[in-house]
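Let me begin by handing over the structure; questions about it come next.
Chain naming follows the written order as A, B, C, D and E, and within any one chain the residues start at number 1.
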């Protein structure tokens, strides 16, 4: 019980501190790291307090301290799984999927015929739920990482496509008229006007896709895999009631995902510095 | 109407490719079987056989069409063998989850654009939350919720919401920050409240971003629902159909359920698109 | 003119940081504007006129010096809704009709629906846009958009009107008409007006005080007090000796300001 | 002037469909523009000047009548890259620096890198923007943005130059300078220029032909051929009797055009 | 009436016919019980469900239950309707495998999620590494179905005598093209589908009473199902909400399941238990359980039920 009270008091105190920090020092570099860190710490303490205070069975939800112990004890497994799932499965699938989506968006955009014909069908095909496709792709591409990459490709394709199509349409009339007076070729208009104007939208899609890529790669492993990989480990460990290991894997996923997202957001900042949503932050 | 010809053309091309792939992917089995039986098969026999296997690697379009037809019209809509019945179960959870997720996403986005503390603390964790493979812990979530007495539509909707809130959040944050300086400055000179700035400037200018995200969001919501249906005692819904199809290797059933789900998603995306068109038109944003 | 000035700037400085090094946009600006003054700002392009207007309206924060409005900070004056601002670009919201755009400040400031409709009609007719209320901004010509944005600023009763080249895109005749209207409005309401223009005759015709600025870094070159009578002035005052003299002084000042450049 | 006109409009009509009913923007426009002409368009705001320029550049499709450019359709002329267009709003691409914006047409038309750099430098200095090449559009004042957009149109060698109120946001002195430069450029290159302005003196000073338009529906009220000598004109020609006479005629035409309104 | 919630290990199918028959035939309600049967699924861990309080009693395999017990979740076997194991490894003859000695160098499909223990124990017995290589086997995490064998991604896959094996046959491969290794025959059989409850609950006499009634009624259901496979299959079909099961398949499954439940009266045979524990503890570096479990089963319930 005292654990519970401590956790709640800590939570309230940290929230107050955070609000103050954000108001007073929100624009300073250190605060930008401290505030989310404090927020995260608060969640962890609250979690620890709830688990210990309410005596929740570790088979249902382990406490952060148990997870940390398990994490430290299984770094080898975690590293192996990370390489299998994230580096081989998610990353290659992400690159192929996003690349394909951008290319298809441009193709569709180029031809009104294809646009009218492909977009509805593309919508349809891309809306095939991942969980249905995963077993099929495992069947087609085998048990190793290739099938995981294929699942990721399918999964990231739609969000990137939708955003890219919206982005390619995002130029304003004046910008287009200017190109018309130069009688710019299609490709010139594309590279010099429409692609830059599409970037804020594209990055929207790319950011969403980072998290989808991880999810896709991990989940695909539920449908068949070699005996390594994060999805494999998670499902096996759940079966063995080794929940601390499950959450260690999830921690790895969350860290990798946040890093991945952060990287894409950083590139976005560099590429779309001119967009009001980026300029507002200076 | 302008759409019919292109769509049909593309459709025809896809079906053609599909038949080709059917032969290519299924022929291995035909050859293996023949070899096991010690027979020779001609190519035309192979083609015929690949189109009508019981457990094809890739079912032929007509097999899927028949499966769909059977699933939709083969029995009463209320029958548990009807795709309409399962589709409805999935749809209701999808919509509930989508509503929850969109609401949450918009709410968080509003908070993030208005409170620096929220911007700094929530966004990184919202991102982290999405990197948790919810699909991996969905079964645990369902178990935990069930032990709290929450069953039925809600657990599925919660998982659907979990997946759909993020695209909405990301798009909405971008959209709410899209107004340019002059547009914001104008309201500043009026000393407009945050509320007025939101309703009269930020919200209208976020619309294109919002709708792009909503389309991704409904699709994600449907995926969430299906994921939640897989292990949730796997009883009803398209997810359960998919699973039992998988479990018994009934490829045609998997593909029928898959197409039903995709059709559902496509319809939802189209509906969002129509609402988008109407809204943007009324806002004078499409010319 | 015994009362304290409405706008009072002392040693105002503003430097922008850019990817390409700092830009000194305003340097050591000292200026007093009394209540009811009509002050024009004139100067070469890029000399800081817009930036100074933005400082007054608390849209830009000076990096040095002091600025008070009605004895408060510019920020507080903004909070008190003292300003009507006409931006250099029309900046209409594309999702609102013309009437909707003009109505915007009225909605925000909580006017009744009736009052809103009445005012919208009145100011739209003032700028000759009757019948265009239901159109969207992109369906209007450039000059019409600019007039709509003027209407938007006139729709509510701001004590201080800041206008950044409001009549730039209008032809002589409409411009004359709007000049007259503006003078009428000003003398009827005793507003304080800050007005950026590139037209010397316009500046002289309208103002009680003309501020000539010069660029790089932007500063005040000269402040010319008009000797023309306050209040509504007939259009043909522009042919008077006095008028031409003041215009000449302004032109000289402008030329001198340009000369710094070389 | 025996050659066929470069631009030839016969019975040109254009009606916009809006949510609020049709707008008759151009009515029965007949006009010939000869090669090497400098034609100014003047008229009240909303009378269709921009729309007519856009028709010439094939950015708008007339709903009736005929329009030929160099004996081809406007569309074909556009494809042949005959036009340099300065829009009423600057329309710079926010993701490119000023130099990058000016370079844009050069990249598209395949100039060599060296040539690009040379031309960018030349036109930026022509419009007095040396040293601003590395800035982004939002870091420039309104007038500077407008000048950048002029530089962009002058950077390449278009046969026909269409300019929609290019000098609207500039002060008298810069404006005079750019007027002179433009005349020099024109007479050196024998370009055909279509020029929209609201300033009567500017129109008279620059043009060989002044088209006075009137609104609702937009049509040509009068075409005034200038009797001033072709080629570079000294600035003080503006004090000549002949100049004042033409200016007077234009003003009368404008006034009469406005009168239709009432 | 008293409420009882039963969590199954897998989806609704004839593997669990006894419980559905007892429900449908009213054996439970006659005993004064209101029974809810929750189907399982590929990612539902029954141990977790019971730990979370979502069920009173679960169907589980003994290796998983004992492993959970060692992890600190005190599950107790109260009844064992399945006497024999139905697990086997089914291989294509064309892969060249004739006996377990031939496994090394091949790829084997294995179920995980708590179902891998029997396989791992067996490989431990044989001294074959599961890490791949020339003298080890490469292990695939096998998905829901038998595709890996049909598509020759694995030389052998795990099957149940009553289910997956028949899917292979149905797919068009004849029995003489296959070679099977039953865990029973290899001497590494472990106990399957038993009923387990939380140890704490057994201290409550009312709960014990309730379970006794439940087990008794369930066994009645099982015996009826054994005797009437066709009707049992129909009942199962009735309860399958996915609408995916077929009569043909369920009837055959019931027939095969009957061979496994035959000879069990519901009470756990301690000899079977000892054998299971021996298999799990024997061999290798990585036994499934490391020390002999204490109190992992009881006859209290079956005794009370008079079995």
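To be clear about the criterion, a residue touches a chain if its C-beta (ideal position, glycine included) is under 8 Å from a C-beta of that chain, and two chains touch if they have at least 3 such contacts.
These numbers were taken from a predicted model, which means no experiment stands behind them.
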Subject >> Each chain counted as touching chain C and chain E at once >> reply: B
Original post:
Taking a step as a move to a touching chain, how many steps at least join chain B to chain E?
Top reply: 1
**OP:** Could you tell me which two chains share the largest number of C-beta contact pairs?
**Re:** A-B
Original post:
Using the average of all C-alpha atoms in each chain as its centre, how far is it in Å between chain D and chain E?
Top reply: 86
**OP:** Round to the nearest whole Å and give the separation of the Cα centres of chain B and chain D.
**Re:** 52
Original post:
Distance from the CA centroid of chain A to that of chain B, rounded to the nearest Å?
Top reply: 17
Subject >> Centre-to-centre distance between chain D and chain C (centres being mean Cα positions), rounded to whole Å >> reply: 28
Original post:
Out of chain D, which residues touch more than one other chain, so two or more?
Top reply: 19, 89, 136, 138
Subject >> Set of chain A residues in contact with two or more other chains >> reply: 60, 135, 139, 173, 222, 235, 238, 275, 279
Original post:
What parts of chain E, by residue number, touch at least two of the other chains?
Top reply: 42-43, 45, 48, 52, 143-144, 147, 151
Original post:
Which pairs of chains touch each other?
Top reply: A-B, A-D, A-E, B-C, B-E, C-D
Original post:
Quick one: in the complex, what on chain A touches chain E?
Top reply: 57-60, 135, 138-139, 142-143, 221-227, 232, 235-236, 238-242
Subject >> Residues of chain B defined as touching chain E within the complex >> reply: 28-29, 32-33, 36, 54-55, 57, 79-82, 86, 138-140, 143-144, 146-147, 230-236, 240-241, 243-250, 253
Original post:
What residues of chain C sit close enough to touch chain D in their complex?
Top reply: 16, 18-20, 23, 42-46, 49-51, 88-89, 134-136, 139-144, 146-147, 164-165, 168-175, 198-200, 251, 254-255, 258
Subject >> chain A contact footprint on chain D (complex, rising order) >> reply: 54, 57-59, 78-81, 83-85, 87, 89, 91, 93-96, 104-105, 107-109, 136, 138
Original post:
Inside the complex, what are the residues of chain A that reach chain B?
Top reply: 18-19, 21-23, 26, 31-32, 35-36, 38-40, 43, 60-61, 113-118, 120-121, 123-133, 135-136, 139-140, 158-159, 162-163, 166, 170, 173, 200-201, 204-205, 207-208, 211, 214-215, 218-219, 222, 230-231, 234-235, 238, 246, 250, 253-258, 260-262, 275-277, 279-280
